[in-house]
Structure formats: C-alpha cells, structure tokens
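Presented sequentially are two complexes of subunit A, the first with subunit B as partner and the second with subunit C.
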Partner chain A sequence: MRRSMVILTSVLATGALTLTACGSRDDNGGGDSGDNGDSKTLTIGVDAPLSGENSTTGLGIQYGAQIAVDDANKNKLVPGVTFKLKALDDKAQPATGQSNATSITGDKTAVGAVGPLNSGVAQTMQQVFASANMVQISPANTNPELTQGKNWQTDKKRPYKTYFRTATTDELQGSFAAGYAYNKLKKKKVFVVDDKQTYGAGLAKIFAEQFKKVGGKVVQTDHVNTGTKDFGSLVTKIKNSGADLLYYGGQYDESALITKQLKDAGVKIPLFGGDGMFASTYIEAAGASSEGDLVTAIGVPADTLPAAKTFIETYKAKGYKGDYGAYGAYAYDATTAIIKAVKAAVDANDGKVPSDINALRSTVVDEVQKSDFEGLTGKVAFDQYGDTTNKQLTVYQVEKGEWKAVETGTAELN
Partner chain B sequence: MNTLPQQLANGLLLGSMYGLIAIGYTMVYGIVQLINFAHGEIFMTGAFGALTVYFYILPDGTAMAVAVPLMLIGGGIVAILIAVGAERFAYRPLRGAPRLAPLITAIGLSLALQEVVRNFYPDADRARAFPGLDTTHDIGSVTIKDADIFLVVAAIVCMSALAFFVRKSRTGRAMQATAQDPDTAQLMGIDTNRIIVIAFAIGGFFAAVAAVAYGLKYGNIDYRMGFLMGLKAFTAAVLGGIGNIYGAMLGGLVLGVAETLASAYIDGIPGMQQLGGQGWSDVWAFALLILVLLLRPQGLLGERVADRA
Partner chain C sequence: MTGTGPVEPVNSSETGESHDVIGVDSPRPTDRLRERWSALPPRTRTAALLALLTAAVATGVLLAPHHHRTERPEPAPWPANVTAWHYLGPVSPPNSPAFAGRFRFAVTVGKGPPVTLEVTGASSPGLRARALPEPDFTVRPGTPRRITVQISVSHCSGLPLNADLPFLDVTLRNTRAIQRHSFIFGGAFSRDLSELLHAACAPTSS
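Here is the complex of A and B:
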C-alpha cells in the first residue's frame, strides 16, 4: 500500500506539475493610449513568450509592436481610430498560445494579431484565427509548413489564408547556412543536433539536407529535450565524431549550455544555429565559450537599417526590456501592416470604421494580402502563401562578446 | 577513441548531483512519510542564495577558492531556512491530516517558490550567469573540470559525514528510531519535532551543495532549474529505495549512469537508431525505474518494512 502510494503520487504529481506549467496568464504589459472623445478603439493582439524561456526575444516582439501602435496613434494614421495593444504571454507553450488566440479572437475590438515567436505555438493558433477570419502576422515563425502546408517540399498548398509572416522560411535559412558553412567557413563534417520542436527539428533537417547537397558530410545527428541542462553525453559523442562544426536547430536556452559544455570539454569547434539563438542572452549565458559561434538571422541587421534608426532610439529611450535585435523591427512592420489594412478598410467605407467587427476583420485579411509598403526592414509584401517577399538573411558571429554581422545576402536554394 | 570512460564519468557526475538532492527526499520520507515535492525548489533557492553571496555580497574579483566556501554557506543558509520554514509553517500544521493534504501543499509550495524567485529576484525570469570553475584536466581519455572535482569531493564528504552522523551521534540514532516508529520514539523521550526539523535542514543543506555544484558546472541557473532536477532526484530516491540514505546516493548514481549510457550508445545498436540519443535518455531512465520497481518494489537498497499505510 505504501509503496503503491509512492508510485501513484509521483505519477499524479508529475502530471499536475506538467499541467500547471501551461496555465495561461494575462500579462497586459502594453501601455494604453487613452481614448479621446468619439474615437473608436481597436485592439491588436500580441502573443509571444514574455516570461521564461525565449522571453528576451518575445519581449522584443511585444515592444516592437507597441512602438508601431504608438506611432500610428501619434501620427493619426487612421483618423478616428485609436489602436491598443493586448499582449499575452504564451510561455513558448503551444497550448497557452491556443488559449491566447481564443482570448484575442473573443475580444470584440480586436482586428488582428502579431505573433507568435515559436513555430510550434503558431501551429495551434492558426486554426483559431482562421475560424474567426482574423489576420495573424508572425514576425518570427520560419517553419515552412505554416504557410506552404505539410507537403511543402513537393506540393505547396497554403493551409490558412489568415496567416502571414514577415520572417522568411527555414528552407531558405537552412540553405543559406549550409552554403555559408561549406563555402565560407570551409567546414566539411557537421554534427547536427535539434531540440525536437517544430522549429528546431525542421531547421536542422533542412540544414542537413542542404549541407549534403553542397558537398558536405553529416557525420552524426542527435536530438535533445528542451529543459535539459546536462549535455555531457552529447558532448562526448561530438568530440568522438571528428566533426568540425556543430549545427543546432533550436533556441538559445539549450544551445548556450551545449556550446559551454562543448568548449569546456576541449572541443573547439563553432556552434552554428538559426535565428532562434540570435539573442544577447545566448552570449550572456554561454560566456566566453560562445566566441566564434554563428547564427543566421532573418533580414538585415536592424542597426544598419536607416529606417529603423528612430525605432531603435525609441526602444532604448523608453527603456523597454528584451531584445529588439532579432524581431523587434519585424514586429513593428507586422503591426504596421495590420494598421495600414485597417486604414484601407476604413477608407473603403467612406472614412468610417465598419460597425460589424466580423466584416472589418475579413476586409483586413484581404488588405494585408495586398500589403505593399516600405517598412523598417525593407519592402513589406506577401506572396500567395502569405510568406514575405523579403528574403534577406544575415550570418552573425560572436566576436568579443557581441553578435557581429559577417555576411548579408538574399537566400536561394542550393 | 574509446568513449566509455568519459561517458561513465559524465554519468557518475550527473548521478552525484541527483544523489545529493535525493537525500532530501529520502530523509524526509523516511521520517514523516511525506514526499516533499518542494524540495526541487529548495535546491533552486539554494542556488540563488549562493548567487546572491557571489554577486551582491562579495567584492568583485574575489578568488574562487574563497568565494566557493562562502557561497556554500550562503546557499546553505537560504536552503535550510526555506526547508525548515516549509516544515514549520506548511507541513507541521498538517501532520495528522490525510496524506494527500501535505502532498498538495508541497506542490503548491513548489509553484509559489518558483514564482517568488521569478518575480522578485533581479533578472531571474531568464537564466542568470553563475561563476564557473572551468579549468579542465585530462586524466587518461577522460576530461573533467574543476567544477566536476568539486562535485565529486562534495558528494563524498557529505555522504560520509551523513553516514557518520546517523550511525554514531545521539541525534542520528534518535533519527533512526523516529524513522522506525515515531510514536514509540516519542514515548522513549525523543523530541520527534526536533528530529523532523533536523531532517529537513540536512536535506536543505545537501540540496544547496548540489545547487552550488550545478551552478559551477553549468554556468547558469534559472528559476525553473529545480523542477526537472527535483523530479530526477525523486526518481533516484525511489530507485534506490526511498527512506534509505545510501539508497538515495546509489539510486542517483545508477540513474545518472543509465541516462548517460542510454543516450550515448543506444542509437549505435543496429535497428535502435530511432530510440537513441539524448532525447530518449529520460525514457530509458524511467524504463529502468519501472523494471527495478517490478523486480524489487522496495527499491535497490530499500528494506522490506511492515506496511504502515
């Protein structure tokens, strides 16, 4: 009896602890610009991880969108409409993302949503937005399936017409990284590791395929669990494999630990990752071990974009937390695309906000599809799948404790 | 290159950490039959206590040889205070309650501690850098670093001290008596409440030692670090035979080695490629647990005690 009690309680408690980790939280971190007179308030939802894992980049998305909303309100971009941000924390958990999506679509003033950060979270949200016919623009998702369907390699088919993204896909990212690793870094033998999540596993697989295609060799592959801290066994395998490069598909939480443990074990090969690792937290967590590590990131460096100068100044001046570097400017452009679509809808309705929110949402989806303007990150426009037409990528390398852009280019398939 | 010695070393190091934390589960269970699920969080607060000493109390640039003992003391104090406080204010009032009540309290306490650290410790909502001991040494084909040596030495010293304490000291024997039969022990003049507090304090201190080793080894800590480590340590305690302190240490080592070897070698077995690798290590570790419990329900070193529940 006592023994079975131990087993039973441990099973129950494990279940309970896992479930509680998915509870939803309403973190309305966004400031709200007051309602003046008879102007109508419309809400734009933001969903990103605002606490815990990935929160540095997640907060960059929230505040990037916040600045776009503030700018639109200040410049009266849509006369008679005040925009308000509703920022929800998904903790990088798909289930939480889905309930946040339900909460956003349930808001009768909501016209669209920006987010999420994680492709795996996006998968659970797409259906919710599609049913509500509400536009969703992710500044960060890169998994090809999201816009091009399960069989994207052979038969591209757009699953949801409400889903758009301002980030390019992993197909191009993996290909760009493979080309750079083989041709520029002159690496021939790669060890590929991923975190089994939608984003990481997808990216790692594409990288491995593309790396083989350009002539390199994938010596071994392995997978890790998110939340793991000890990678001793993996590190020994890498050491023994004779690889001259480690490619990691996943987020910085694990890769920072992997690179540290790898270098501590005396394996001085660089770790190459995707945009999910592109955050200052990676360098802070890995310390000197991160020196020489590389990532590919979406678009061109925010600091070099003339249009983003004011944005970065505002971000810093407001003292916002998080990291604008990776997706802040993309979140700004995504938010602006929604605001401009609302403007088009209002203009088409004789300058009045359509009173039926469902009609407005539906028009906004159509207008976002037609987007064509110069944003902070370049031209903002979407192709027939909802993917951005802006296909620029940049390789960054850690140099003296900072990410330095080493090469920018337009990605093409190898 | 033969990787087995290195992989065994990796496993034993990880296992030592599990074992140190598992002591806390097993001692408390042995005496009050309570599974203290907040123990993983006591481990976590110990790490933050040590971090506080390093970053906010010691002057910058303190030599690690001086800093580490002070961090151990700081982390130990925090962990002991929280462990004893939890016993006094959360568990003692429920001493006579049905067993599920303290269990749920433990889970609640665990979440509460996580959220308190996340919300009130500076920048604790993401990983915080922890000073490392990263100098490496090559012993044959095995590479280990200073933090690993610290972990092994700490585990051996702690375990020997505990074994000596429980066997030889008056309090230790009182503790054994309480574990065997709390009511009779009380009738014989043992202050069982005091014994229980001591059990919580020792568990807390061991968790803090493990936490400092964790920080030194992995270089960063976060508010969620206690969850998985706590779960694994609890598994180790059950594997070794919950209630038995040697069992906790052995269970930790077995679990750590099993996990490491599974992730290192299973994917090399023909036909098992899909079931190997680091991502499957937990599956094999828990499969081992199930197997051990099937064959030896009392755990590796557990005693066949009369059923009291």
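Here is the complex of A and C:
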C-alpha cells in the first residue's frame, strides 16, 4: 500500500507540473525566451517632447507606445518580427521634429512613426513622412488642417495620405467646450487667450467662434509667448474686462502659471482649456489655484475602459515617467495599428517580411487606412481624411486637487 | 495556476484524508470497496491506480482551458462607451410658424446589458427635447431601435439660428452606471434643426 502511495504521489506530482506548465504557456502567450529563430527587427519611431515644456504628456506618448511594442513582442503578434521603439525628443520645436522625421525615415528598419504631440510640430513632419511613403499616426494632434487641409471649414481636402491620428479634432473640441461653457456653466462673457502656436491659436479661434454662435460674448482676446513666466499685464487685462470665464488655447506649462497669477490677483474666474492642459502637472504647478478649472480632453476617462485597465497597471508598475492620462492609451492604439498593418503585410507575403523596406512601408500605409480593431480606447478606424472615427470627448474639472470627469460626449458628424 | 486545481485533493491524500476531501460520504460502499481493494494483488492495484490517475490528469488538462475562460466574467461596460446614435431624418418638415419638430434617430448598444436612455435636453437653454411617446426607452445590444425625438422652441432670445454641431443631452443607465452624455451631430441634423429654428424664430427670413 505504501508503495502504491509513492507511485500515486509521483504520478500526480508529474501531472501537476504538466498542468502548471500548460497554464503558464496560456498566460504568457508562448513566452519570450530565447526562441528567436530568424526573427527580423523592425523599428517604430516615436516623436514627442520628452524633455522640457510639454514633456509630461510627451512621455505619456513614448511609454504608451513602448507598452504596445512590448505587448506585441511578448504575444508574438507578428511571427518572425521583433519590434523596437526609437524615441526621439522634439522639445516641442517644429524644426527638431522635422529633423527627427528625417532620422526616422532614414532608418531602413523603420516601418512607421507615432507622434508628435504638437500640431505645429506635425506640420513640419508630414511632408518628410509623405516623401518616404511612411505612415505617421499622431495620438495627440487636434488641429483640423492636418487632415482636412487649410480650407477645412469649406472644402475638406486631405493633404497627406501617410498621416493619421487617433485623436479627434479641435472642430469638435472647441464646439464641445463652447457649448459646455455657455449652457452648463452659464458663462456669458469670455476672455480668450492663446499661445500663438498652431494648436493653441487654432483651438482658441474655434472656441471663440462657437461661443459667439451659441449666444456668448467674447469680451477680449490676447496672445502670449510660450516660455513666458510673468503674466502680470495679462492678468490686469482680464481683471478689467469683466469676463466671467478665461479660455486658454495652449499647453499646461503657461496656463498653470496664468491661473495661479490670476487667482493670486483676486480674479476668481475659472480657466478653461483644451487637451494640451490635461496633465497632472497643471494641478501640481498651479496648486489650489487650479480648483474649479476645466479642460476638454479627447476620449472618455481611461478608468471607464476595461481594456485600458492592464495598460494603466503596467504603466504604473514599470514606474514610467510622465502622464498616461491624456494620450498614453491613444499612443498604444496608434502603435498597435502600425503593428497590425505590418502583420497584414507579412500575411499577404506568405508569412515573410517583405525584403524591400519601401514596399513594406507602402503596404503599411494602405493597411493602416483599413484599420478596424478594438483598441484600448474603443474601435480603431480611420475615415477618408485619416481622422479617427472614434470621436469622443470629456470635460474634466479640477476637484479637490484632481481632474474629475464632469461631462462626456460622442460625435456622429455624417 | 489553472492546471493545479484538479490535483489539489492528492496532496490531502498523503495525510490519509483523501476520502474526506474528495467527498465520498457513504461509509458502506467505501468499506466494501476497501475490502475488495485489499484483496487485489499489489501489481493489479498499482496498474489500476496508474490508469485511474492518468485518466484524472487527462480530464484535468481537458477541463483546464474551460475553467480558465470562466474564471472571471467581464464587468458590464459603461453605457456611454457602447451606445451610439445615428440621425435618420425629420419626421415631417416644420410648418410655418412651427415651434416644434420631430426627428428620427437609430440608437444602438454595442454590447453588455440593455441601456435605458432619457433625452433631457438639446443644444441651447431655449430648446426642449424629449423622446416620444415615452421619455425613456431601453435598447438591447444587437437590436438597434428607431426613436423619435421632439424638439420644441421655448424661447427665441439668444437662440443661435444656425445650429453648428447640435447635440442632445441624454441620461444613460445600465447595470454598471448612470451617465450624462452628449450626442453631437453634424451634417443633416444640423441643417434640419436650423430649419426648425429659422421657422420658429425668424419666419420671414427663410
């Protein structure tokens, strides 16, 4: 009997190990240990401000893309291909962005790029990617001209077939903000300021137009320079204008200082801005002065998206810098769109990576246009202009030192 | 982790409590089985044990993936993330002077539990909006529902006559959450609503 028990224990122990091993393979999707075979490495470029101004949200883009690449490699999404990220810092400068675009397209292992953050930077990069017939997907650009041309309000024309974005446009963002300010906040007189940049000036213009259309009054407009620290004269103008709301088109770096100096001067009106302000750094920099301030941001809150849960946990567990909240999940989806396009190109080539990098890049552009999958942020697909079909927005307000979602919206513009 | 479940009673068997763990609770059959088992030659008993355990392990392997899939049901999605509106057109053109118009929409719920909706407002404080015939209605996933929304002009003062990107304010409710959400429209609904607003507030200008 005792001998039988020994055999029984051995057999069951073996069975247990076998089953445990089966479970591990399931969980890890085959694992990523040494079985490289004849794996080919392909590069995905990332361009964003990774240092200095705007870097909180820029780093969110970089690490959002990094997690997508890591997931694709771990799950062997494209058999025979290992993806590598090449992240370049544009410092929010158009000229640097253009130089980075040249660097990415010059890399003969590069199949596509994610970024940039700033619409003004994107304008200098688009032609470079178009010339190389390489796909570029921004998770953050919102200026309508980038996809719909200069005359987007009257005659939409797509300037570049290689440019896409997973963020919705300022046409929607500015209108949504104006409607919320007038109808929900009951604000009637607004002072509009922008930072003279493509994104900020464009958004502020759309907001002002829409605010007037819904019945509000724009009492005054003004402009600031990026990098400015002292907004004393602007605060005086706002104080004397009688405005009950300040709208700012630009990034969090300047707006955090403006709201602080405004409140310190006793002007207790909220500052309302766009997605460029949606960063934890805004609240940290402005402190209690930011209480009650508002932004519109692309998409719906990440914590309402079940698919984003693991992404957020990974971002935090890895200790990545920056803020994933604004664009991290959109960068993940943009990167995944490129990876899935590579997979389609490989599948169409009898399971082999096309040897001609130019042919591969061209196919990837076509396949990204055909994207149709469930990403972290919802359905990932692009319309005839390269704009995302996922047109969701959220109004956030600072409450007790945190951004809190107060209104969400979905657009159906056809 | 998924594969270790079926073999857990085995560890207990080493302590001589395997019958209790497995749950054979009738003493008589157990006693009879034990007597018969003891009467078998050792080699037969070993072979029988091996066959039994191989079958148990194989069963465990087959059941493991199924067990894994049913481990944790996916939580219900937030209603705003699965609900979509599509404008179909006006029920009938507004007569002049008209202070209300009826508009048709198709509402879909992509997945999850049914969503109950209530239209609470439209683009401007000067407009009132409600679904007909009942103010709230329920849409089930995979079954689009056509509904009519009546929009009436309560006052023209400050009302923009050209409705750029008009929206409907809707309360969405499912087993996960209650959310206030705006559905924003362009194109055809913008034109049709503007037509109503002109007819109601500037009848001579059209």
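Heads up, the rule we're going with is that the second predicted complex is superposed on the first by the 374 of 414 C-alpha atoms of A that agree within 3 Å, B and C clash if a C-alpha of one lies under 4 Å from a C-alpha of the other, contacts with A are read in each partner's own complex, and residues count from 1 in each chain.
Note that a contact is a pair of C-beta atoms (placed from the backbone, for glycine too) under 8 Å apart; a residue touches a chain by one contact, two chains touch by 3 or more.
All values reported here derive from a predicted model rather than from experimental measurement.
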Which superposed partner A:Ala411 touches (first subunit B, second subunit C, both, neither): second
Which of subunit B and subunit C A:Asp230 touches, first, second, both or neither: first
First, second, both or neither for A:Ala265, with subunit B first and subunit C second: first
Contacts of A:Thr109 with subunit B and subunit C, given as first, second, both or neither: neither
Partner chain(s) touched by A:Thr304 [first = subunit B, second = subunit C, both, neither]: second
Contacts of A:Gly378 with subunit B and subunit C, given as first, second, both or neither: second
Partner chain in contact with A:Gly179 - subunit B first, subunit C second, else both or neither: second
Touching partner for A:Gln210 - first (subunit B), second (subunit C), both, neither: second
Set intersection of subunit A contacts, subunit C complex versus subunit B complex: 3, 5, 7, 9, 16, 20
Partner subunit C, residues of subunit A touching it in the complex: 3-5, 7-9, 11-12, 15-16, 18-23, 26-27, 171-172, 175-176, 179, 183, 210, 213-215, 300, 304-306, 378, 391, 407-414
Complex contact set, residues of subunit B against subunit A: 1, 3, 6-7, 10-11, 13-14, 29, 33, 35, 37, 99, 103, 107, 110-111, 118, 125-127, 129, 132, 134, 136, 138, 143, 145, 214, 218-220, 224-225, 227-229, 231, 234-235, 238, 242, 259-261, 263-264, 267, 277-282, 293, 297-298, 307-309
Residue numbers on subunit C that touch subunit A, as the complex places them: 1-4, 6-7, 10, 13-14, 42, 45-46, 49-50, 53-54, 56-57, 60-61, 64-65, 68, 74-75, 77-78, 80-81, 83-87, 123-125, 158-160, 162, 164-165, 167, 177, 179-187
Subunit A - residues contacting subunit B, complex: 1-3, 5-7, 9-10, 13-14, 16-17, 20, 51-52, 55-56, 193, 196, 221-225, 227-237, 239-240, 253, 256-257, 260-261, 264-266, 281, 284-287
